[in-house]
Amino acid sequence: MTALVNPGLADELARSDGFDADACMNCGVCSAICPMGVDVEVRRLFRYVLLGMEDKVRAETERVFSCLLCRMCEENCPAGVHIAENVRTLRHHIVRTGFGLGEG
Amino acid sequence: MTQATETRRPVIRDAVPGRRDVREVVRDEQVMRRRILEVLAGGPMTVPEIAAAVERPTHEVMFWVMGLRKYGWVAEIKEVDDDGYYRYQVVEREGS
Amino acid sequence: MKGTTKYDALVVGSGIGGMESALKLGDMGYKVLVVEKDASVGGKMILLSKVFPTLDCASCISTPKMAATIHHPNIDVLTYAEVDGIRANGDGTYRARITQRPKFIDEAACTGCRQCEMACNVAVPDEFNADLVSRRAAYIAFPQAVPKKAVIDRAGISPCTGACPAGIKAHGYVARVRSGEYEQAFDLVLEATPLVGSLGRACYAPCESECTRGELEGPLPIRRLKRFIADAHYGRGRDGDPEAVAIEQNGKKVAVVGSGPAGLTAALQLARKGYGVTILEAAEQAGGMLRLGIPAYRLPNEVIDHDISNVTALGVEIRTGVRVDDPAGLKDDGFDAVLVATGTHKAVRLRVPGEELDGVRSALTFLADVKLGKDVGLSGKKVLVVGGGNVAIDAARSARRLGAASVDQVSLECCEEMPAHDFEVEEARAEGITLHDGWGIDHFEGDGRLQAAEIKVCTCVFDPDGRFHPEYDETQRDIIACDVVIVAAGMRADTETFGLETNGDHTLVADPGTLQTAVPHIFAAGDVVTGPTMITTAVGQGRRAAFMIDRYLQGQVLDPGLFDEPLPVVDKDTVLARQQVYDRREPLESNAVMRAAPTDFEETEGPMTEDEAFLGAARCLDCGVCSECHACVDVCPADAIKLDDRPVAIEAEVGTVVLATGFNLFPADAKPQYGYGRFKNVITGMQMDRLLAPTRPYNAVLRPSDGKVPDNIAYIMCTGSRDETVDNPLCSKICCMYSVKQNQLIMGALPLADVTVYYIDVRSVGKGYDEFYQQARDMGCNFVKGRVSGITETEEGNLTLRYEDIENGGALAEAEHDLVVLAVGVQPSRGVAELFAGNGDALALDDHYYVGEVDEDLDPGRTNLPGVFVAGAAAGAKDIPDSILHAGAAVAQAAAHLERARVADEAKAKVPS
Amino acid sequence: MAEDATREDQAFHPRILVFSTNNISDPGIDLAGSSHLHYSPNVMVISLPCTSGIKPSWVLYAMQRGFDGVFIAADGEECAYLPDCAERTAGIMTSAQALLEEHGLEPQRVRMAAVCSVCAEPFTNYMHEYSKSLAGLGPSRKATA
Amino acid sequence: MSGRRIGVYVCQCGGNIGDYVDVDKVVEEIKGDDDVVIARSAMFTCSDATQQEIVQDAQEQGLDALVVASCSPKLHTVTFRDVAKRAGMNPFQYTQVNVREQCSWTHTDDKTGATEKATRLVRAGINRTRLTEPLEPIVVETTPKSLVVGGGIAGLRAALGLAELGLTVFLVEKEARLGGHVAGYGPMFPNDRKGSDLVATLEEKVRANPAITVFTNAELMAKSGSFGNNQATIAIHDGDKLETIQVDVGSIVVATGFDDYEPAAGEFGYGLDGVVTLPEFKKMVDEAPGLLQYKGRPVKTVAYIYCVGSRQDESLEGAHTYCSRYCCTSAVHTALEAQKLAGDLRQYHLYRDMRTYGKYELLWNASRESGSLYLRVPDDEPPAVEKLSSGGLKVTTRDLLTGEEEIAIPADLVVLVTGMVPRDNAELVSVLKLPVGNDGFYNEIHPKLRPVETIVDGVLICGACQAPKTSSEAVAAGLAAVTQSGAMLKRGYAELDPMVATVYADLCTWCGKCRAACPYDAIEQVELDGRQVAQVVKTACKGCGGCVPVCPEDATDLLGYTDAQIKSMIDGMMEVSCS
């Protein structure tokens, strides 16, 4: 299944909530350092947003909410991405737009 | 008053086990030389074997054995054993 | 090289960029000065295993360049030297201040044979092997060093040695003991003084007070180590120095008046130099205060005998029972020079009523009588000792041993202020002596024979100017019944008959630097000059006097500066700052046996066992690095050790400056999640390069934790690079390639080992580089995209890496490896801008603290300062070919700068004034 | 002692001539000395700028004068003179072997290996191995005599 | 007896030699050898005292040659050559015998063996010395002039640098204008300076410098000569006219640059409307009138495909397997420039490894933050470019950073990030005999020891003709070539090592083998007494001896290492009969 890139999602999140993961260099440290283990792969999550893969983001709703917001990833991010803020942003967005709600 | 004296000596700390400063380990080479040579007098040994015999951590023994090797007191036997360790033996040191 | 020298160019640093710059400028005909801070030229490249992508041997490439640099007729190289500052002259030229650090080796004589290194007793981490193994304080940097000459690493005089008034190399003999070289340790002390055994017992050890380890758990037992080596030596029945008897006599004769510490020491020193020395001693036995003043439980007579035999073995004659009243007259007996070292043997009187009563006596004669075995008849007597000093304590404790019914001691000072050492007061109390501190004697009572002493409270001992001026509270009094009073109120020199000028306290007047008296051939040393002091002070005086007498008799100038001109003492805080953590090592406890009522003069302190000596010496921190143990001096066949070498300041006028100061490697422990420094099998790329190099420290690739051949090695790329968390967003450019190079070499050296590289992007840019990377892949090296987030250590010392396996679906993964190599990046070298401090224009650095290039596009290598250029990695991360090309660019412009200056000068010269 | 000496004398210790290069392999051989590594004193070294300049006739001449083997310590890739140094030296080796065979000597009496400026131990090992293999061949002059 | 008067000094080096070699015995053994006038042992031969003793001996005994047996020649050859000179001898009639590193220290276990060996080595040294000839350094006057081939940024900077050293410069440019590729560039990384401005700055200085003569529409036609002195023939086209001139130059700096990779038709959709190469795109951005446009249409989305023409699979015919080094950074920088233009631009980069090395990493960071999104394409699955019926383009790829997802990017423009390829310079290669590597770029002698020198004496290479480079790296290389020229020519003369090859003309039958063996063109064919013979061009010879073994007549020798000397050394090693 080929996904068509859609910059609209990232734009909208940036505009409404200040989402910003542009600096990410895709090194994967955030995923690997997460004390929650395999549950939250923020790097990939952000990438779905950047590429505009809305269905993928939707499918990760549970993960987005399982994040402890402990900022371990943020402290270790070599690119200085505000990861926790972005996760919060995503939650806000999901709640606001009803993403994933009523489906579980 | 007491506090001032305390803060004047911040470098003094108890060691964390297994984390002796490299300078400290290296300094002990001169003292441990005798022990290690004594132990090796019984025949060649690997670093873990020497460590067990002198009752010191293997990584510290590594420093000492390599120092002794560098300065001509011991040499390795060419073949590695099945576990991947070289054995070291005493060599006659020139000029001594 | 001294004074100011003119050069066309100054090149700072002699790594690959510096050597290239110097060679090319030299070839152009310019005079070049290269200043290198290390002991060899070559920089970091010479330490590498091989170089990518050709896998040339780094050494084979570097050594011809190193040799060419050092032998080039137009290049002068200063190694082991620092540029302190560079000042612009304003006309495009510069003036550089340089310090040639002392190498403590006569470079012309050194043959590079490494015998000093093999003999050296101080081990420190070998920075040229990335701290994987030790080196010695005396060392040649590495096997291919150019120049191949030794240097001795000296941070200064160790505080213990610096504290010794006798000039004994305390650190030196401790280091000798640590290596099990007891005889050499003995000889080292004997260099300074014959009193090895006496000082091992009776010295108050100022060295221990200064010992840096004292800032931690407590000082080393330096004095007892000296006793240990004396015991070991004398116990072997090796009195004296048999070889020394063969000293060639120079025909001159010296009389030494007095056989105390100063006299014996001077006699030994003079006899060694070939003088015929005669000691004239007024007492029945030789030894001075050692013999007559120090009780046997502290210093047995046999020990003094042994020590004196060190002197007599050299042919020194000791005539006892000979009192000299006219030192000058000894010239008539054929002595060319005289040393007066008669000490202070006259007791100071108390000046209180009743002092003349029978039963009141001086501590000096009392102690002498006891030591010489005379019956002093104290058995069953009530004894009162007057005084608060060491002599008083000695007298009290001696009285205790002689069967006195009771021993009381009266001291003007209260306990804490008593001049006696705390431990002595404590020991006296333990032996049952009753101390009345803060009391003074009012008078003694008795009818011909002493019966009691009346004492009164002393309120103040000294006046505001610190002069002895006791004041009393006359209302508070007490009476102590006593049969014998031993007065220890001080002692003074007995110099009335000498016909020499004296001070108010009867000490002799002598020049403090030369110890010469007003009568040229008479010198004076020891307590007779200084008043009562310590044994070590007297020993130091004896050494000084001998040195000066020798110069006097050789007809040389008596310059105090020539005697023992030591390096500055190393700062203790600096020493302590060398280590992050100190392993607690409790000091050796005293083994002195304290009995409540001792009845004999057995030594209270026992000997040290060999193990105790080892452990005691092992606590030494090697403060000065070099211990001055003289092992190198002993073995150097070329006599090239020059411990009196000192820094030399050099100034150079230069037409241009090329900064080739290179780079630093990222300190791997600044990424604590990778465990460098904690996990033994986490090493840096430089360490792996050393393990792979032909001059490798382990002779194989082995795990540092236990010496196992690793079979599963991981590389973590971008350690300290491309990483905001360590404030370095830059790519270090070289790490990918050096890792790929190492991958290939490891696969060659350990065909069975797996190699995995955790990377973000493999940056193999350069001629043949990408092909080289592909080759590593083809050889089986495994490349995993994902930055490792953290490492944990297993019990076996293996390492578990956590990472996201990005390219294989992004699964989180863990992998276990038995060796991890951190591909550390580069950092700017420090202190370059500071070289130009004080100039109107500072040297501009770029945003990342590398030396700034103001026009990288057209003038790469040009800095903001006219005539100052930067070559190689000092301007940013560069691999070897790029560094060489960059140096070429810097040199082209430096030469153009010189050329412009030449043309301008010529034009100026042509203009008629 | 005297007996030992006699026995020693009777044993065959091959004489080896080594050709080294001034910049690369000779420093490697020097390093073996600085590291006090041991090999037979019957090994003697002549240093040249580049092993591509060795004449095959020198190899034969060495045999005729009593050497038992010639070892060429080549630069390999590090040669600063000739990029094809390794191939050239290999060619010289081949010619020398042919020349030896013409004169009834075993081609194994000349050998070549890359020795770099820090190859102290490899060089020592080569000398040990080569001494051993030449000892197996016996003295060279038995053929020419 | 040769009549030579040789002094032999055997060093004890303290105990370093003396403990393991019976030095006195060695001296005793060789004392009676032919021509040995003095033989002594010394505690430290290198000490000042012994050096003076040698000088004194030489003067008293009329020594004309010297042998010192001590440590490695690497330590003291220079020292004792100097002693020989001070003693009035020719420094090349000195031999250093290594009895420390190669004798005493390796045989610490065998004093008898070490002593015997030392005797043999010293005797070899004496034999060699007996056959030495006095040599003087070859002094060559050099021509303080340089020729620069190629007027791109590297060549221009080199020309200027050479002139600044005081050398006379000729600059030859094939095209009608100077400046090469860079002249056509707008802002360049990393300092955003315009390529055209950089070139203009340089050109102005070059044109104004009286020491530089510029020939455009010109080519190097022929070259001859040797170290420091070359003759170059330059052809200058003036319309249909062709003029040739000859110049004498000391060095030739080749800075002929690169070509952009030209994708094949259909390669990543090349040929489709909207598929352009990086240089084409850069020009579009440089010249964009405020808004990025392609053929009049505004460009909203750009997709970059990296590594086009670089890092190609080696199994492909004529593959460019190398990485072109500059293109990642150039594409990133161009994207940043494009982003500065008006309009809301979306940029997608399909890369393999992002190679923004060193400080260029900052550009990549900046580009990500300015609206570029990067996708990692699999090495073995190149992205597909297709033309949509709507007129736009679509690029499809799997993005390794997003799991297994296949992603499609609709794009107005597809930029093929093309690399550098070597120029077709067949003529120049044949004129200069320049070595060319497998990748088609010119090869230096040694990338680390001599990175701008070629095997052809005095011919230097710099810039992108050697390997892909950025502009400032090419400039640095150009200046390095200036430095190398200066090192050869600045003093007006050069002293070359006299230990060079020599030909015995009487033995030579001219077969040409020696000439073929010499990569340095140091052997020429000359007529001598009516015979064709070989002759060594001393100034070109590097002294490797590579010509010696190839001569079928044994007519060549390397001075200092002659056939007779080597054989005499072998004799010396073998003539000992140690008691």
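Letters A, B, C, D and E mark the chains in the order given here, with residues in each chain numbered from 1 onward.
Following the convention adopted for this analysis, contacts are C-beta pairs under 8 Å (C-beta built on N, C-alpha and C of every residue); 3 or more make two chains touch, one makes a residue touch a chain.
From a predicted model like this one, the values you see are computed outputs, not experimental measurements.
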| item | value |
| --- | --- |
| Topological distance between chain A and chain C, in contact steps | 1 |
| Inter-chain pair with the most contacting C-beta pairs | C-E |
| Greatest separation from chain D - chain, by CA centre | A |
| Farthest chain (mean CA position) relative to chain E | A |
| Chain B and chain D, separation of their C-alpha mean positions in angstrom | 40 |
| Length of the line joining the C-alpha centres of chain A and chain E, rounded to whole Å | 52 |
| Computed distance of Cα centres, chain C from chain B, in Å | 23 |
| Chain centre separation in whole Å, for chain E relative to chain B (CA means) | 47 |
| Residues of chain B engaged with two or more neighbouring chains | 72, 94 |
| Contacts with two or more other chains, residues of chain E listed in rising order | 74, 108, 365, 376, 401-403, 446, 449 |
| Sequence positions of chain C contacting 2 or more other chains | 54, 56, 61, 64, 115, 699, 722, 785, 806, 810 |
| Touching residues on chain E, where the partner in the complex is chain A | 346, 348, 364-365, 368-371, 373-374, 376, 396, 399, 401-403, 405-410 |
| Chain E partner contacts - residues on chain D that touch it in the complex | 15, 17, 22, 26-27, 29-34, 36-42, 44-50, 52-58, 61-62, 65-67, 80-83, 88, 92, 95 |
| Residue numbers on chain A that touch chain E, as the complex places them | 1-5, 7, 22-26, 44, 47-48, 50-51, 53, 79 |
| In the complex, chain A residues that touch chain C | 25-33, 37-38, 41, 43-44, 75-80 |
| Residue ranges of chain C in contact with chain B within the complex | 115, 117-118, 121-125, 131-134, 136, 175, 178-180, 215-216, 573, 576-584, 614-615, 617-618, 620-622, 635, 677-678, 680, 697-700, 702, 704-711 |
